[in-house]
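Reading through the structure tokens given below for one structure.
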């Protein structure tokens, strides 16, 4: 009877689902990535399986490093800003008493979430285009209007636009588990609101916040439409390179190899970030049954 | 002094949040305004007049309307399935004590997020064709399930993280079985996480195009795919009209929810219970 | 009372069945259905409007949503089943499908209207058999907005002019399958096989900062030009027609002198018929579609040139219409086999050499 209880039942169904739906297809992608590309032919050499690592090696050219940096670094900036901005709003949503303002904010966030990504991106593209604020951004950085720095800024703004509603709604739940009386208790002991918040509340939610951070970062790294339209071809994410190979050029092995690389890189970086942000809080987790 | 620090801090935070909120809301307003653009090309903002042409185009074309129903159906199915599976996964993760296996499984559930949707679509197309199912409803729903699952798992995990395990012990000490303790105590407390996860799942599924493009058939097409197909070569603001309509739909659903259940109830109040004054 | 209701219901039921009877007969159309893969938007509307010219088949539609490779993946995945009968695509994709031996051979014996289409427009396999049904000619060329460009552009070297800073929307390597690069190569004395002059020129162009946007879709090129973000672009003639239709003064550089460096690429769009589908009906359908009258209508609607020699050419595309001499002087037909083979390399080269300079 005891062994029966020891088996982790809840995790079985989702595990099986992911194994079938993700792992099996990924195996296919992996095998495809090792095939020779025959240009003009679909998917590689027909008949005769030749294992090759060429598809991977092509991406070790130095120029591709820039795509990796763009993807990871710009996402980091956007995620940090989005999470920082979402934090106060989420906290307020979690602890404020019911009011029309609270309901309006919740509704507004949900509605913005459902707006089509493509349309929002065009909104940013026009607002921050040459007819819009692009010139001001260029002045701010002190460079020409077509400089990569300006384009990167526009991409980051687009990402923030996309990520903030996600971050806000996701962070409400961790805050709800904190008793509001903790902050009051700290203040009664002499702390001001800010210190009470920084020293008491944040450490308690650190695990939850780090989880949200990781998810938002992952969403940013895999963003596709935003760097495609706002990057103007100057700034491209790895997902754009993959798309070109799968959907335009029919270089399936190359696209497969790049996806595997993308998966590995971002998995490492995100988990690493999550460990940095969240691990010290592991001590607080305490006993789990 | 402390009051001063508090005021300065609050002002700074307020200003920062204000800027970001403008970034979030302005493009959305832009798309709202542009959906009424009378011009047949992307011109400068603001549009010179108001026209319902894009809305008329949307409703008059039965392809769009049929695709809308298809999208809604697929979104509901995949989101509900993702919520169930995601909650189970989060609960299961909670039970693992050792860091290494938990991180590994955590990563596994998060991994669909790191695979570009194009690849998911392509890989599932190949996998399903080997198995014999092929493209269509099942394939698209599975792809969407895979794509939204990480969101739900994260959302529920983040919610579960703050729940004291002693609550489960307390419930069991009062006579409940483990399962009852989980269902009657933990899940209601994690309600926010599950609700938010569901909202996200629906939003992502309704907007998903990269994977769905590989898995549609002449009889099963989702709305974003149809819109993108028309947009590929021509400029077409029907997508803006569709986006606004989607938002109106969501607004209606949320309003109905608010009147019946109370939207605040959905985003409950955690371990201190509901102190909303409805 | 009950009695009356029953009788009323009964009569209603009878009449319903009676009405459905002939209706059922009408619905049981003898026309077979073929599945067509087509481009969306205006093209779809145009093709749908052409259906009044044929009575051989009903159509089931699937629209291209991703790039051309997406349909190739779907066809491959469905093998050995064949889900599509007719696929609209263009030259490089056709070459891929010919290499995979997925296509039916089309002959004037089976499809009489093909005799009116110039032989050079067909894409053939290694043995010379025609595998595609052309339906329109859409030259790819440079063009600019007269009201926004700072000066009149006459030569290729003008693109490097400082006054055009940020004013050029340059298609990325996958858009138009790089005909923009090939056109530059050809204009500078090279070709698809020798792209060196093109790479050097584009590197200069990238360094000069004149490229305001690298577009990845036709819609981006259009939007960029109509919104005023840029004023000079490269694309299919039909797009320039569309911008002109919107009331914006645009000059397509279709017939520039030989030494200007501007050469237009002749791209043929059309259909191919997949083996293993409803080929007989599909061929009959395609044949009906390229008859003179529907071909003219299609060309007029889309701002392209018809392929049928007996078709009439609408006046508004007179600017891009080429006589035989003009064809030789101002245009070229790319070697699509080479293009198909080289495109992945060009994409990589762009990612490595040009993109960092932008």
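Quick notes on this structure:
Note that the chains take the letters A, B and C in the order they are written out, and that residue 1 is the start of every chain.
Criterion: contacts are C-beta pairs under 8 Å (C-beta built on N, C-alpha and C of every residue); 3 or more make two chains touch, one makes a residue touch a chain.
Quick caveat, the model's predicted, so the values are computed rather than measured.
Minimum number of contact steps separating chain A from chain C: 1. Set against the Cα centre of chain B, the chain with the most distant centre is C.
Across all inter-chain contacts, the pair with the most C-beta pairs is A-B.
Put simply, the C-alpha centre of chain B and that of chain C have 36 angstrom between them. Spacing of chain A relative to chain B, judged by their CA centroids, is 14 angstrom. In chain C, the positions touching at least two other chains are 66, 70, 73, 223, 227-228.
For chain A, residues touching at least two other chains, in rising order: 122, 126, 131, 246-247, 252. Multi-chain contact residues of chain B, defined as those touching 2 or more other chains: 42, 44, 118, 122, 126, 210, 213, 228, 231.
Only residues 37, 39-43, 46, 58, 61, 63-64, 66-67, 122, 126, 129-131, 144-146, 148, 228-229, 232-234, 236, 240-241, 244-252, 254 of chain A touch chain C when the two sit together in their complex. Residues of chain B that touch chain A in their complex: 2-3, 5-6, 9, 13-14, 16-17, 20-21, 23-31, 34, 42, 44-45, 84-86, 88-89, 91-97, 99, 103, 105, 107-120, 122-124, 126-127, 130, 142, 145-146, 149-151, 153-155, 157-159, 161-163, 165, 168-169, 178, 189-190, 192-193, 196, 199-200, 202-203, 206-207, 210, 213, 224, 228, 231, 239-240, 242-243, 246-247, 250-251, 254-255, 258, 263-264, 267-272, 275-278. On chain C, the positions that touch chain B within their shared complex are 35, 39-44, 60-66, 70, 73-74, 77-79, 81, 83, 217-219, 222-223, 226-228, 239, 242-243, 245-246, 248. If you check the complex, the residues on chain B that touch chain C are 39-44, 118, 122, 125-126, 128-129, 134-135, 209-210, 212-214, 216-219, 221, 225-226, 228-236. Within the complex formed with chain A, the chain C residues making contact are 66-70, 72-73, 76, 95-96, 99-100, 165-166, 170, 172, 174, 209, 211-216, 220, 223, 227-229, 337, 340-345, 347-348, 351-353, 355-356, 358.
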